[in-house]
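What follows is a single structure, and I will ask about it in a moment.
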Amino acid sequence: MDNLESLVDVDRGMISREIFVNEEIYRREQEQVFARAWLFVGHESQIPGAGDFVVSSMGEESVILCRDRAGAIHVFLNSCRHRGMKVCRYDEGNTVEFMCPYHGWSYATDGTLVGVPFLKDAYGPQLDRARWGLVEVAQLENYKGTIWATWDASAPSFLDYLGGYKLYLDLLLDAWDGREGGTEVIGGVHKWLIPCNWKFPAENFSGDRYHGVSHRSVDMVGIGPSGKGRRDMQERNEARWLDVSFPELGHSMIAFLRAHDSPLAPAYQDAPVVADYFRRCEEDRRRRRGEYWRLFGGPGTMFPNTSPLARQPRTLAVWHPRGPHQTEVWRWYLVDADAPAEVKDFLRHYYIRYSGPSGLTEQDDMENWNYAHKASRGVIARQFPYNYEMGLGRATRAFEDHGLRLPGTISDVTAANASENNQRGYYRRWRQFMEAGSWKDLVS
Amino acid sequence: MDNLESLVDVDRGMISREIFVNEEIYRREQEQVFARAWLFVGHESQIPGAGDFVVSSMGEESVILCRDRAGAIHVFLNSCRHRGMKVCRYDEGNTVEFMCPYHGWSYATDGTLVGVPFLKDAYGPQLDRARWGLVEVAQLENYKGTIWATWDASAPSFLDYLGGYKLYLDLLLDAWDGREGGTEVIGGVHKWLIPCNWKFPAENFSGDRYHGVSHRSVDMVGIGPSGKGRRDMQERNEARWLDVSFPELGHSMIAFLRAHDSPLAPAYQDAPVVADYFRRCEEDRRRRRGEYWRLFGGPGTMFPNTSPLARQPRTLAVWHPRGPHQTEVWRWYLVDADAPAEVKDFLRHYYIRYSGPSGLTEQDDMENWNYAHKASRGVIARQFPYNYEMGLGRATRAFEDHGLRLPGTISDVTAANASENNQRGYYRRWRQFMEAGSWKDLVS
Amino acid sequence: MDNLESLVDVDRGMISREIFVNEEIYRREQEQVFARAWLFVGHESQIPGAGDFVVSSMGEESVILCRDRAGAIHVFLNSCRHRGMKVCRYDEGNTVEFMCPYHGWSYATDGTLVGVPFLKDAYGPQLDRARWGLVEVAQLENYKGTIWATWDASAPSFLDYLGGYKLYLDLLLDAWDGREGGTEVIGGVHKWLIPCNWKFPAENFSGDRYHGVSHRSVDMVGIGPSGKGRRDMQERNEARWLDVSFPELGHSMIAFLRAHDSPLAPAYQDAPVVADYFRRCEEDRRRRRGEYWRLFGGPGTMFPNTSPLARQPRTLAVWHPRGPHQTEVWRWYLVDADAPAEVKDFLRHYYIRYSGPSGLTEQDDMENWNYAHKASRGVIARQFPYNYEMGLGRATRAFEDHGLRLPGTISDVTAANASENNQRGYYRRWRQFMEAGSWKDLVS
Amino acid sequence: MSDRLARLLLKEDIEAFLYQEAELLDERRYEAWLDLFTDDAHYFMPMRRNVPHDEPEREFTRAGVDVNWFDEGKDTLTRRVRQILTGIHWAEEPPSRTCHMISNVQVLATDPADPTPTEVTVRSRFLVYRNRVETETDFLVGRREDVLRRVDGGWKIARRRIVLDQSVLLAKNLT
Amino acid sequence: MSDRLARLLLKEDIEAFLYQEAELLDERRYEAWLDLFTDDAHYFMPMRRNVPHDEPEREFTRAGVDVNWFDEGKDTLTRRVRQILTGIHWAEEPPSRTCHMISNVQVLATDPADPTPTEVTVRSRFLVYRNRVETETDFLVGRREDVLRRVDGGWKIARRRIVLDQSVLLAKNLT
Amino acid sequence: MSDRLARLLLKEDIEAFLYQEAELLDERRYEAWLDLFTDDAHYFMPMRRNVPHDEPEREFTRAGVDVNWFDEGKDTLTRRVRQILTGIHWAEEPPSRTCHMISNVQVLATDPADPTPTEVTVRSRFLVYRNRVETETDFLVGRREDVLRRVDGGWKIARRRIVLDQSVLLAKNLT
């Protein structure tokens, strides 16, 4: 795409509708973005035992996440090397091998081609089995239980890819009391389709504090953990609101920084046990994290299509591209592994009524993404770029609060209420990926 | 399209099937035809009061037709300037503003951006509201109650675009008794989908007297206002049949010119009140129109996709493109505004049983367009052009009858029964639009 | 396609997934393959009498197979020359003419344009009826009751196109007792859709002995004519297994050559009358065919998309392309015309339970083709070619057994169990078609 | 008990009538179908609009006033049937394969005192599946409210109101 | 009244039977489903053709003569069931999610004198919704005519004729 | 006979209840619909997975343990209804056009001795057709198992289990 320059003008906050609806751009995205970037695949707790597997998706393609007999975790393309048949059509299970139902080639859980009918008689020396195992990702990382992978051997390590964003992603993945890791998935991954381009939800989660109107009906009805509004607002009301972006990485998050001298905030009042649990967590958190205890997360997006939501309802969403005009959403729900059963159950109920296609809140997001996309496809509409001017030029790369420095390009929107700092950072990186010839051009 | 020359050879009456089924040609049509031409949007009588609106369509895109608080009529692209959300998902209503459900930008009925949440705090000076109102059409015309618009500022005025066709379009829009204007829509716009390219119905209405076979079943059954055939034929039987085309504009109509000395023709015999009404109308018409009283209209097409039907059932149809292989039809029904209720009701019943997907007549047209399109898609079929030779070279640009001159390139088919004069004129103009770099190349 | 060389490397047994999922390649196939090759249309016994017709399909397009009043057989494009309307929307019938329902042009059963409403008045000399008959195929052949046709006048004759494959196709078309011809269709053509590229079934039938796993469930259940397995295996167990390919033609078949001294093999044990019939047939066959009696056929594919299955269930399948990702299958069932009713009925039951979407066996093939195709569409999957190495370099062009020479490039897989000799031959020819400028480049 | 039973038999009776109607349509016995209507029958199917939830009165086009999908008497119905019977009504030639699935039959409260009312109002749901020629397929789904009148022993349709759950008609015709 | 009541109970009885059959299928209790057929059962589903309205006799392929979708006895049905139970019938492994909706149940006139006939002919409509793996979805819609026979107290299916409202099968298989 | 009759009337009664529920939903009378649930009602809809035929226990997500589509009481249902009634729940504004077709109603065996049980378990099938704005259309098809409780004369829903025949939800929401 030689004309990306004119389509994505981040400095002026103008982005063409073409990048959402154009078929050729979509096709390029598969090669330039999804075949290169680190993508979220699943969670360790989904495959606890040897031979356990779940089927997941990377970009448009089906992959198998499994643990081999030796306990090592792998991610394979779910396609036979012989004629491409999907070797696993189950969503999950436990197996010793994946046998292809077409001609019976079978692959061990470490991907090696172990079974070939009539191997000696029919193939003799011709078939070099070692070269025909399942296609495996080039790099894989198990980061605090979350499994990430990339098809590109020249991609940087996951930690380099994550960069300074680590501090924020950890807000989701560490236990609420500040211990490293310690989160698990509660059973059941939501999967559903939305008729819009995959970047609508990705940018919305990257830092859209601005769409309160979408959810006003929920605020009126009240589904929050304290029975009011969407969430417990009080602690946020006395915190600084920060839109945190890493334009050079594409990652971003909505964050809240509480006052250095702020007291604990009451929450979950109508559920004493839960309220009690979180109070204890926060006490421990202060002890363990020092000044960082003050930092709380919200929704964010890790480039390109994974969105952590770092507070209740704590979730990880992946926006899988399914053609330029459709997105398949997968949603994982996280809780502290060792939280009391009652707390887990309380949160489970909250997640269900809040999130996904059966959640009161996100139904309205999807309606908006659906028709925002649809109304942007026409020959006239495509002449008018979207507006990303909000908060242009207000961000700092050197944020500090009472001696606490935070990484990232940060826009303090406590007064402004909202900015498009994060969206701009996201699309800046998106354009780099689309223009890059290889990872060489993407690492500075 | 450099090869349009070979695809559309109007002089020899050969037109390639490609122009109906080719995806690239379809894509070009959106830019070359629909982004430039004057298109029909709706009728004044649909939005009588301030704040009234109806949603309509121009080409593939949704637009809002509304009357602002000051009573002025506007047509806007139905898409928010911020992220493109459809600002109005209703078909009709009355409102003081259009509030976008995504982030709450709201637009007054004159299109100005009046509401932006957190404007001062979040945007400050960055957002120049004056530049971010709803996208409005470049030109709009209220012609005798019908609303027309174009996206192209360089397009000629509507009256120039209409040109000599005015005389014929007025046959639909003027009252039957010859007074200027005075027609209104009777509630309810038919909307439905047909699986064919939008040009099949457009060319059919432009002047296809030849497809009697399609409707023979209706002739046998009889649904005409006098309970026989499809229509009242008598007056047509003693009239001259004229196929009227304006190749330089693309417009055309089937017309009937009655003898200068012909008496009134009995009609609607089985409905005395209606018969009486039309008789009185024709007397007045003679008085008001002089020699022109003799001219009666039929179906026609105003380039590119609006088809007036200038006699009972008096309708306006628009053929909206919905991809190369699908058309969405919108159908408005017109009556004399001050006709007696009984006459309106009589005609309403006639319209319903005649027209649209529940009409006995047009069901068969749609079957034909559907399978004519489908059978033209294949690699072999596309090697064989359609035949438009009927009546080649028989038209005159100087038609006269007992001193009455009629504008247009006219083929008298009283003896021939039919011609393809109008279709040839239509595609001649279509090719000009497809080849033109801008309106400069389209006005001679 | 300049890059076909890299996509189809038959010598190394590597074929890219692109040729199955790429839209551009699919489009080219319509012109390079289906507009040129000889295609199967139907069977004489479907149109016994003058005026009888059945609608069939060639590539993506609908055609009419009919017998004119003089008894001559024709194949026409099912599309009116005027505006392309499908002139016949019935599957079968008997008629004196095909009248187009749009404007009433009518065509005799020999394709001539015999009826044009208002011909004299409306067209006068303009329309040269002789030039506007139904589009007829360039060449047609009635080979032992099967009707074949091609759109390309420069194509070789059918017998040249068939070449040495004649010997094998006859195994299906000749009576079981060795007499020439003598087969007929038993009423009812199966028609259904499969979500995969048309070449998956074409290559599978060309000679895939290797997918036993697909059908193991059937082997366990047993639906064979002797109530066990899928088929009667015994005679095959003592025969030589031959994969016969004609790479220069694209045709191939799985064949069985019984020992020169082998006795008759018992079969159909649980149906005495049938067993008796086939025993008598084989005796006659030996008498009539001499040494060739030993040759029995199996599934095969005649380039590009017709698959004879030369033993019970004796069928002809055509794989019609319906877009890159969908195939419409048509299935004809053949029996010896003069077999006893009881035998025909026995076989009819066997065919139904074996074949097609209601057949126990082929349901599993379709599941595999469906998901093999689907799992090959992604950007990563398309980087990994399919493997066709099985039996590379083992074939001979000079096969002989006890003095019996057989034509074709033959791989004896009696010991190997299977090879991909036939698939390689098929794709070699496919690539030649895709690269050829015309038939000149295709005949050596 | 006995009046509950009477109501039950009444409903059974009416269900049988509606199923038989579906049978006649799908068997293409259109003239017999026509006989199921009284001479003064009114056959009505409005169009539907997308309107704000608090302006429901704007949702449906009005019988006798607006243009509707259907708004007619037996005479026009008869012409529709006769057109199909001509055999050259191309939209139905070759004939479609249709299946009228009827469910949720509700007989609205009738005078319990009267076990054999002469008119009853009946609600039902329909799913019409239509498939024709090769792959052309439509689903028409919605609700009906019929007024059935008892005419010498049997039932006839005196009024029918059809509510189709579509705004833009997702089919090329309503035959 | 009492014989109307008997007919009503008979119909109720048969509806319950058909609903239970659907339940067994969708619960994948195939062997129990098989038991609902008599040993001499005939299971028949013809293909349909597009033919002129005045040649209806050409529309359906014929039982016992032509190739049909199904035209078989209990033995073949049994093999179909056993194939699914192997667990390696890939077209049904992983198993499909199916829903058999049955409506328009009509018990054809039986001898009113006989309140408990031993054979009844029953018409019904079906909509089978099938969804499998990720997004694969089919609708199979049409009519059935069954002959049910009373076998020690319960009903069994002695003959079934299925009319699918499709010409080209719009699904990759009929499992 | 008389107890068969009682069961018949019971079933009739329950069918009427389920049809009326569908009516309330499609008429958008959500508050009246809400009243059909007992205060302790449990509303449950699991997700489904593709799993080997011999591990059916893995197919459904579990109530009270896993994340499900629905797993809630009347309080949350009430909030859902109230949200729609705000008129700014964009996913339902403008309102959808829905049609709930209910079929295969089976009243599971109740104590024959007790003609008027206070709780009954009922199986049924549903096809929900939803169409909104212009051409947006969804089919939601599956089965329900309800426990109905008799509350002063009428029935109320005490437990509902909905099994949707989809794995990946083929719709953008479940409103």
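Order of writing sets the labels: A, B, C, D, E and F. Residues in every chain begin at 1.
The rule we apply is simple: a residue touches a chain if its C-beta (ideal position, glycine included) is under 8 Å from a C-beta of that chain, and two chains touch if they have at least 3 such contacts.
All values reported here derive from a predicted model rather than from experimental measurement.
Listing every chain that touches subunit C and subunit E alike gives A, D. Among the remaining chains, those touching subunit B as well as subunit F are A, D.
Look at where the CA atoms of subunit A average out and do the same for subunit D: the two points lie 50 Å apart.
Computed centre separation for the pair subunit A/subunit B is 49 angstrom, with centres defined by C-alpha atoms. For subunit D, residues that reach two or more other chains under the stated contact definition are 5, 8, 50-52, 87-88, 90, 94, 101, 103, 127, 133, 135, 167-168, 170. Within subunit B, the positions touching two or more other chains are listed as 89-90, 101, 193, 214, 364, 367-368, 371. Inter-chain contacts, as defined above, occur between A-B, A-C, A-E, A-F, B-C, B-D, B-F, C-D, C-E, D-E, D-F, E-F.
Residues of subunit F that touch subunit E in their complex: 1, 4-5, 8, 11, 48, 50-54, 101, 103-106, 123, 125, 127, 139, 141-143, 165-168, 170. Chain contact summary for the complex, subunit F toward subunit A: residues 45, 47, 49-52, 55, 58, 61-62, 64-72, 76, 79-80, 82-83, 86-91, 133, 136, 167-175.
Every residue of subunit A that touches subunit C in the complex is listed here, in rising order: 30-31, 34-35, 58-62, 77-86, 89, 99-104, 117-118, 121-123, 126-127, 132, 135, 151. Listed in rising order, the residues of subunit A touching subunit B in the complex are 13, 17, 200, 208, 210-214, 364, 367-368, 371-381, 384, 386-387, 389-392, 413, 415-419. Contact residues of subunit F toward subunit B in the complex are 88, 90, 94, 133, 135.
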